[in-house]
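Each of the next two complexes has chain A plus one more chain, namely chain B in the first and chain C in the second.
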Partner chain A sequence: MDYVYSIIILIGLFVILASSFNLIIGYGGLISIAHPIFYGLGAYTSGLLARDLGLPVPLSILSGALVAMLLSVAMALPALRISGDYLLIASIGFQLGMIELIKNLRFTGGASGVSGIPAFLVPSFGRGIYVALVSAVAIGVVLLVRWIAHSDYGRAISAMRDDEQAFAALGRDAKWIKVSIFALGSAIAGLAGALYAHYFRFVTAEQFEILMSSTILTMVVVGGLKTPWGPVIGAILLQILPQAITFLNLPPVILGPLQGLLFTGLVLIFMFLRPGGLVRAGNTWRATGAGRGGG
Partner chain B sequence: MLEIKGLSKSFGGIIVADQIDLVMRPGRILGLIGPNGAGKTSLFNLVSGLYAPNRGTITLDGEPLDGLALHERARRGLARTWQHVRLFPSLSVLDNLIIGARHYPAESLVILMVRPGKIRAAAKAARAKALDILARIGLPDSADKSVGDLPYGQQKLVGVARALMNDARCLLLDEPMAGVEGQAYEAMQTIVREVAQSGVAVCVVEHNVAFIRDLCDEAVFMFQGRILARGSIAELIANPDLTELYFGH
Partner chain C sequence: MFNLTTLAQILWTSLATGSYAVMFAVAFALVLKVNGVFNFAQAGLMTIAFYTAHGVIAGLALGGTAAFILALAATLCGAWVLEKFGFATLRRNNASPMFVFIFTIVASEFIAYIAMLAFGTWPKTIFPQLFWPVQLVGDIAISAWDLPAIAATLLLLLSLWLFLRFTRWGQFMVAVADNASLAELYGINRQHVYMLTMLIAAMFMATGMFLYGTRAQVQPLTSLEMMLFATLATILGGIGRIWGAALAALLLGIVQNSSILVIPSEWQGFLLYVVLFVTIIFFPQGIRLPAPIRRLAR
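Let's look at the complex of A and B:
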């Protein structure tokens, strides 16, 4: 049963990650590969604050999200002053640099990682309550992203993504919108990381490597960019499929590569056969309650 | 009043603006004519903040615009349209206009979360204004249409309508009549005239000489980044040197 709980929690965390990444890359049109490191920063910050400084876990979780947000702003602000393209370059440097930093700092446990992170809720209430917590956060994040995307703010995001210069010529500050979206998406990733840390109670830098970017991106693309529910479906599908394959009782020499091929294969299949993903976005932006979603 | 003094800009060896002095007065329509490559759109790009000039100053009602970004100039009352329309394809006609509203606080995520009511009120006001402008340009039934579904002439009208949402003091129109004919042509003339009559300084880049002649109070002739002549459109057309530069014969 513990295994099932862990899978459900991982699905919930990836729903949070994919939805927040969709806000950045889908709705915002901002290309970044640094989402895993903000996930990791949330995990490390929360884990270390709770373990080494004795901060209450709810506060340390919020601190994890806050640190991820602040560092994302520090990274995005200078990059976005120049152009959106620089965000990609900055994100690669930030992702790789932070991973190396974490691996080489003593207080982060170096390559060994951080263990003995205080558990949250599970010792007192059991694992079911943590599943409920992560599920509630995941649903909250999906609804938040949907609300933003179809609010008046979402209209501005859509226009900015369509034509940034024409948008700015109307008096709109595109840079501020981009930084805000990036900060919020990164803070949510940090929140997911903190939730991860207090359930699994052990983190290492390898868990947040650049490879995870492709996993999250695959979830968003397969599920459907610029849709609230697409990343949810993508995250569930791409968490369950690799687990389901393990029940085929294949030898490990086949199983490992097969799981890797699954992600690559799905991306290729969707690129050619259904580029819009499983849930397709509408062509025209609509406000909440004004008909079909999308945009 | 928009005042340009000694404005110069070059890209490497190509001079797009050469010591330009120009005044756009409230309530007046200024035509900007000249052959392709004369620097007319480049001048709009310099004034609106898309390009940074090498030299020169621009003031709007005495307030310097130099060094301000595109969006900051727009907020100070400078609106422009684009030669190739540049509407937002993922938005409906109405939403294209709403996004251009002068007071559109929904670009702040913090305000959205803390004071959503403020945004709703502003959006409601913007919506009412947008519907009013759509009615004025003769497109009241197109509000919910996708902009891509409109004929090109109507898209041009929507581009001008979007710029009007800014309540600008100075309006730069870049080839508003290109590809526009029939009812849209009449509507464009009417709306531009009304805007000027409301006290806005209007400047129009246009190849349609009839449109310039019917609408503009005065015109300037640009060639190779310089202003060669000023006067009424009749005076400029009557000048054989300018006609030769414009038409090549």
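Let's look at the complex of A and C:
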């Protein structure tokens, strides 16, 4: 039963991650794949504050989200000078740089990671309550994304994404929209990371590498960009499918790559056969006239 | 610590190890210039090159020459498949540059996972041993690997220069890089040019990876990490400037090797990513030297 609980929690966490990533990459059109590092920053911050400074876990979790948000703003303010593929490469540099930093700092446990993170709710109320907590947060995030998409703010985001110059010509501040959406999405990722840390109680920098980026990207692309429910379906599907393979009792050296092949193979198939994803939101991937270069 | 011999040794080693870095940067810069793609799938092709060479020697017990030829053939096939069924299809579907970029990363990872399944995740080398005999010239150690590596790089660079400068297809490539639509109006088949560019880049990748794999250990995800170095060199050298990318790769290698004297090796990776981040944000068009001021003769 513990295994089932863990899977449900992971599904919930990936729903949160994929939905918040969709906010940035889908609705905002900001092509950054550094999302996992904000997930990681939330996990590390919350875990270390609770374990080393004895901060109450709910406060640590909120601090994790806050630190992820602040660092995302620190990244976004200079990085959003550029767009398109340049922003994507800058985000890779930021993500891998942060991972190297975490690996080399002593207080983050170096390459060995952080273990012995205090558990939250589970010792007193059992695993079921944590499943309920993560599920509630996941539903809340999906509804928040849906609300944002249909709000005035969401319309402003769409307008900015589709034609930034026209948006600015109307006197609207594109930079504020970009930074705010980036900060919100990253804070939600930090929250997911903190929730992860207090359930699984161990984090290591390698969990937040490029492969994690591709996993979340897969969920969003397969599910459907720019739709509130697409990433949910993508996250559920792509968490359950690899679990099916685990029942084949393959050795870990084969299982890991096979799961990776499944992920990347699915993305490739979807990119060519169904570029709009399972839940379509119009002509998602067509160029919208966004510039390529810096400035 | 900073005596002349040490600096000369660093310079020589940087020059030698810069050989493969230059080839990866040139391949990346060439595809970016002509095809307009940030081709991270290059990492996948590099993985194909390395594991083919490794497989030929470890599995089939053939020699180094056969390993190189088969690695080159496999990489060319991989590039052909990638262009024919990947990039060409995406171009036909009018996919955005971002969609193409994501495709390149995912394709690389896909190939890396295949390599993991076939060869495992343990580091591998092309030859069973990485040891190369060393000769002292003055006080500088020169390994038997160094000179062939430098010679191969110079030969390939010279061939590319001659090809672009003096052949019809080379000039087609330059024309498509400048203005693909206009080039097509003049009767140049741009799809053929894109394919040719991918194949030429594949030759650089295969040669570079063969050199790298005979000197260092490789894992399935090594190529993806190495791509960031090529990306950095391409951006620093200036988008669209192939020789600028080659020079930047060489200079970056020298800076990286020299910095070991003052910065602990575990921080080298961090520094590389910081430089990548800063460069792409503040110098997205590369670092350009000021143009010489020309005055009218009085």
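Throughout what follows, the second predicted complex is superposed on the first by the 264 of 295 C-alpha atoms of A that agree within 3 Å, B and C clash if a C-alpha of one lies under 4 Å from a C-alpha of the other, contacts with A are read in each partner's own complex, and residues count from 1 in each chain.
Rule of thumb we're sticking to: a residue touches a chain if its C-beta (ideal position, glycine included) is under 8 Å from a C-beta of that chain, and two chains touch if they have at least 3 such contacts.
This is a predicted model, so every value here is computed, not measured.
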Look at A:78 in the shared chain and tell me whether it touches chain B only, chain C only, both, or neither; answer first, second, both or neither.
-> second
Have a look at where A:168 lands relative to chain B and chain C in the superposition and call it first, second, both or neither.
-> first
Touching A:177 in the superposition: chain B (first), chain C (second), both, neither?
-> first
Could you tell me if A:148 is touching chain B, chain C, both of them or neither one (first, second, both, neither)?
-> first
For A:156, is the partner it touches chain B (first), chain C (second), both, or none of the two (neither)?
-> first
Could you say whether A:257 touches chain B, chain C, both of them, or neither, answering first, second, both or neither?
-> second
For A:90, is the partner it touches chain B (first), chain C (second), both, or none of the two (neither)?
-> second
In the superposed arrangement, does chain B or chain C reach more residues of chain A?
-> C
When the two structures are overlaid on chain A, which partner does A:268 contact: first (chain B), second (chain C), both, or neither?
-> second
What part of chain A is shared between its chain B contacts and its chain C contacts?
-> 285, 295
Contact footprint of chain A on chain C as seen in their complex = 38, 89, 93-99, 101-103, 105-107, 109-110, 112-114, 116-117, 120-121, 221, 224, 228, 231, 235, 266-267, 269-270, 273-274, 276-277, 280-282, 284-285
Touching residues (chain side chain A, partner chain C) in the complex | 31, 78-79, 81-82, 84-86, 88-90, 92-94, 96-97, 100-101, 103-104, 210-211, 214, 217-218, 221, 253-254, 256-258, 260-261, 264-265, 267-268, 271-272, 275, 285-288, 290, 292-295
The residues of chain B that touch chain A in their complex are 48, 50, 69-71, 74-75, 79-80, 82, 86-92, 95-96, 98-100, 102, 104, 106-110, 112, 116, 119-120, 122-123, 146, 162-163, 165-166
Residue ranges of chain A touching chain B (in the complex, touch as defined) | 148, 151-153, 155-156, 158-159, 161-163, 165-174, 176-177, 180-181, 184, 283-285, 295
